[in-house]
């Protein structure tokens, strides 16, 4: 909806319709997230970055596909272009700023084609966002994913020292926590209105 | 001949239970959670994924000697994306309502690690026949798991199964089950059940061992 | 002369303890909750009594059975599950069908507490986990309110209370809006006296702000509760809603309404202060309280729901681990060192 | 600035308020304790190398005569606590449970027990190094509890200096009143000791720290304070563990000893009042330590009091002499907060023993209570004077993550004051965990080195 | 993709091999996709058109044919030719006698969970909204989704006044939401108890859309009444 205000887009993507907790995107890395807070934070940064890159790519591709009237190439070109752009950006960062590369770089290849990234590209296209809206959407989604992961990492860290019963250890526990976080985020319902 | 057919049956069986992609390997969680709010959606998604899985397994295993290692991932993605696009159009043609319910998650089958994982880990190293069995097993196992989730969520969340009302009119829906959090809770509950069964089996095995040991000692 | 030293016990120092133990603390919290409970029964009559009893019974029983099932001695003796049960009951609407109350009680203890490893390890407040999941499951029933001090409250029950399990409750003709809902959806302010004394509709135990405050002060005086948490919650709510109210009194509720309505008092005093889910450092507690206050005001003011304390506290629980980490105390004698290295 | 500081109250942050339980003995003057039929003088009563015996089995010794000499700088002399016969030089049990070399001395029953005079160390003429040697010869160790050889502490390395000497009369440990009595009865010795200490360390200023629960001692010392000394007597609010030197420096000077560092790093030095009194008493006479003031108290003790007890007195003799209740079941050397529980009454009193406390079953009931999981009440965090997180450390210890404890959570800074365990409503034996963890870390380090 | 193996292999195949594989697979894939697209396109477009048609006829109960118009830069309306990408569209409905019955308009806005999309029918004769259908909503099942099904709520839209002032510049009364049971004027929307936010959202969406469209439509009424354009 091109009329949505930027603020609404941001709040929705990051809080109300959090990509992880409400849209179920990027669940595997979310569940697999290590309990190291620092890793979670930096990974969140990397995800946000890749989201921005892919958002811009997807916007460009969509313009092109409409121009040549080939909607059936959408999926293939999104995947291909996003993956290779991230690869290029990675090489660029490696050259320009080794420090930044060390902070983000190792995560980049792992993130390139997870569902949150592709989902973002598809959603923004379906919604017909303008360029600026796309950027804000990517930032909001990235912030939401980062927040979910950081919260998860903190809770896991705490639970590492708890006497968790054997049956609930592992993924089942992570899912329960995710469910409770999701319930918690329901409190923000209606905020974007 | 008998041996091969037997082992490809095994390839088929393992995906259903012992290596179930959802309950045991915990792969491809996003579609599992996102579209399992009704049994119908879950089954449709499961079948769509199974279709892509089988087709890409066939394609990858038959091309396995043709594709150089360096470009294999790129090629696999190309193949998978193709089949996903096909499925996407087919579902749109079959029912717009279903398409709307499954939303972007049909397209997201592309990045489901289950499919790329099987392509890379199995199909690229095995014959077409065995890859088909593997794809069938994994695909049906995936669809079955999705159905398990969808059924529980629909029964509790809407009081129905495949849209058919199961209880009396006044049944109180558990809205949470069709909300995102319900997806997490239901899958967690299934995993708890699996864990519990697994641990019970282990404990039993251990106590059996212990008794045999004790018996053995007595005998000595 | 006695020959000393036949059975000497050795353990490491210290050899004296302060005298507080977990069960004494928990028992005192139960004591502090009793006046609130009594008022709840007085205000909502049989419905209040049945809701509270069912909440308490389902929580305690669940804990007992889970302990039994896992082959451990029962832990209901430490009183903590009594608090969970009472607080959970106090946050429910008085007309809630009893079968839902029971379901929520099981969720409180099984999902909110036992799953994480029991007392001390639960990351989220068990009572609120139960209520939040219940509200997500049955949003209509959890937002249907009856007036307090109804005439026949000791002789009759709302028709919804005894609804058969798994069926939809029949909604009573006499539903009523809470002060916050009145404000949110029709900008009607409730009189301050009614708010403070509890002559409003709302959850079973959230209405009597004065009794809640007194209970809290008792616990604070006995050092069984961290005063920083309620103080910073109240502070954050007062400052924020005060600023908004000054900007546009017609649109934004007054700080008095904000402070004395809804679950804020009960939540800030008894639920945000649950030690298990709150930060350990003083600075962490201030931040935690400020966050809860802020989120409460944001949800109440701009969100879809009239009340947000529950979600705010759960969110606070979720960030506690981070607050603890960010506000770690500087260890004695490391101040200069950290700067140097 | 903390509110406390603004109010003009000098104290440290955090800490606890255990019941003081000092009233029963604080008014009782120091009394001389009789000689046991056999004194067992361990040759390791201090931190450092065991002393080397200079007497032989069967030899007769005078009270105050040197019976062992220092083995290197990290060691001190030992003196005969009584005139008598050296029966044996053999191993004897110690509080740690290890057997240590000891001199078994049988006092002569009818002896006058005159103390042998030695070569005095005159304050005016002796050089700092001579004073240090004299202190080592006198066998002086810290009487505040740690029994660290005092002369080692006083040896200021090249390039370092001390500006303030702190005399520790805080005695924050519940039950104990030895320092209290010493301050009341031996102020002359204390100030003499201070003069020696000032001369050795080069400090300009002395501060005598006393807690507010000993107003008589503070008043007495203020009155007796020599006009020519630059310094003061400071009264601190009552709080445990105010007596720990790190807390004192922070309370009195506002300086923090760096983690892993020494008081010298902040140009301060701290000595216990009894240590100062011993120095002031022994050095002018050329004598050595052969007895010390000990509070014998606790619910199980019948004749409580402050006694001047010969070093080497067996614990069993001591307790039988003061009389204990039938059902005594716990005896500590020191107070209940930091004291060590004894497993056998065959050990003997050493220079580091500041008190003996005995409890009966009924008085100790509380400590038997059930252990609960940590409920994150943060009492321990608010208690720890070092600003550690005992709750977290306790959980890490339960998971045996010792290296994490040391590397990320400053385990090694814990000085085992026991404040955290004292307040813990879950009765988690935190200090016990930390001791074990520290041992494990030290062992791992030693293994790696 | 967790599977990104980077094992170095001794003898890399020639570049030619890689190109051959990629291009070969690419061509086959391309063919597959284009075939699927071509085969399904007519079906999909028919499905979509039918769905839209159904919705239009739902909100304009007496219509049996419809035509799509696009808002022109001049402010007038023109029959849409080709694809309406980027254009602002309205759908005119005609009855069996090719009489203009009214217009159907799509509108969106924020609800409780996510965006709500609706289509509503406007009757020229009544100067009122005479029907509404929710096209897209993620409102809570059993609560917010009552906006799609609650008969009492839908009653609001059997005749919701959107008449204009005499000068056609503005609506006479904005559409306003009121609490359940308090509706007194034909331009008010009676809310759903327990789903106030969603019902307020619907009122807001309609109000904003009507404020925008009504003056434009009324001042170019004649544009729709030209030659019959409808399709069955």
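The first chain written gets the first letter, and so on, giving A, B, C, D and E; residue counts start at 1 in each chain.
Note that contacts are C-beta pairs under 8 Å (C-beta built on N, C-alpha and C of every residue); 3 or more make two chains touch, one makes a residue touch a chain.
Source: prediction; values computed, not measured.
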Next item on the list: Could you work out which chain's C-alpha centre is the most distant one from the centre of subunit B?
Entry: D
Item checked: Chain nearest the overall C-alpha centroid of the shown protein atoms -> C
Checklist line | Chain whose Cα centroid lies at the greatest distance from that of subunit C | finding: D
Checklist line | subunit C-subunit E separation of Cα centroids, rounded to whole Å | finding: 45
Margin query: Centroid from C-alpha atoms only, then distance subunit A to subunit C, rounded to Å. What do you get?
Written below: 33
Check: When the centre of a chain is set as the mean of its C-alpha atoms, what distance in Å lies between subunit C and subunit D?
Finding: 48
Item checked: Separation of mean Cα positions, subunit C and subunit B [Å, integer] -> 41
Check: Among the residues of subunit D, which are close enough to touch at least two other chains?
Finding: 373
Margin query: Touching at least two other chains at once: which residues of subunit A meet that condition?
Written below: 28, 72, 76, 113-114, 163, 168, 173, 176, 180, 183, 186, 189-190, 193
Checklist line | Residues within subunit C bordering two or more other chains | finding: 117-118, 120-121, 133, 136, 139, 304
Next item on the list: Report the complete set of touching chain pairs.
Entry: A-B, A-C, A-D, A-E, B-C, B-E, C-D, C-E
Item checked: subunit A residues touching subunit D - in the complex, by the definition given at the top -> 160-161, 163
Notebook entry, point to check: Along subunit E, where are the residues that touch subunit C in the complex?
Noted result: 112, 140, 142-143, 179, 193-194, 196-197
Note to self: Which residues of subunit A touch subunit E once you look at their complex with the stated criterion?
What the structure shows: 1, 3-4, 8, 12, 16-17, 28, 66, 71-73, 76, 109-110, 112-114, 189-190, 192-193
Item checked: Touching residues on subunit A, where the partner in the complex is subunit C -> 37, 150-151, 154-155, 157-159, 162-165, 168, 173, 176-177, 180-181, 183-191, 193
Notebook entry, point to check: Residues of subunit C touching subunit D in their complex?
Noted result: 1-5, 7-25, 78, 80, 117-121, 226, 275-276, 278-282, 324, 328-337
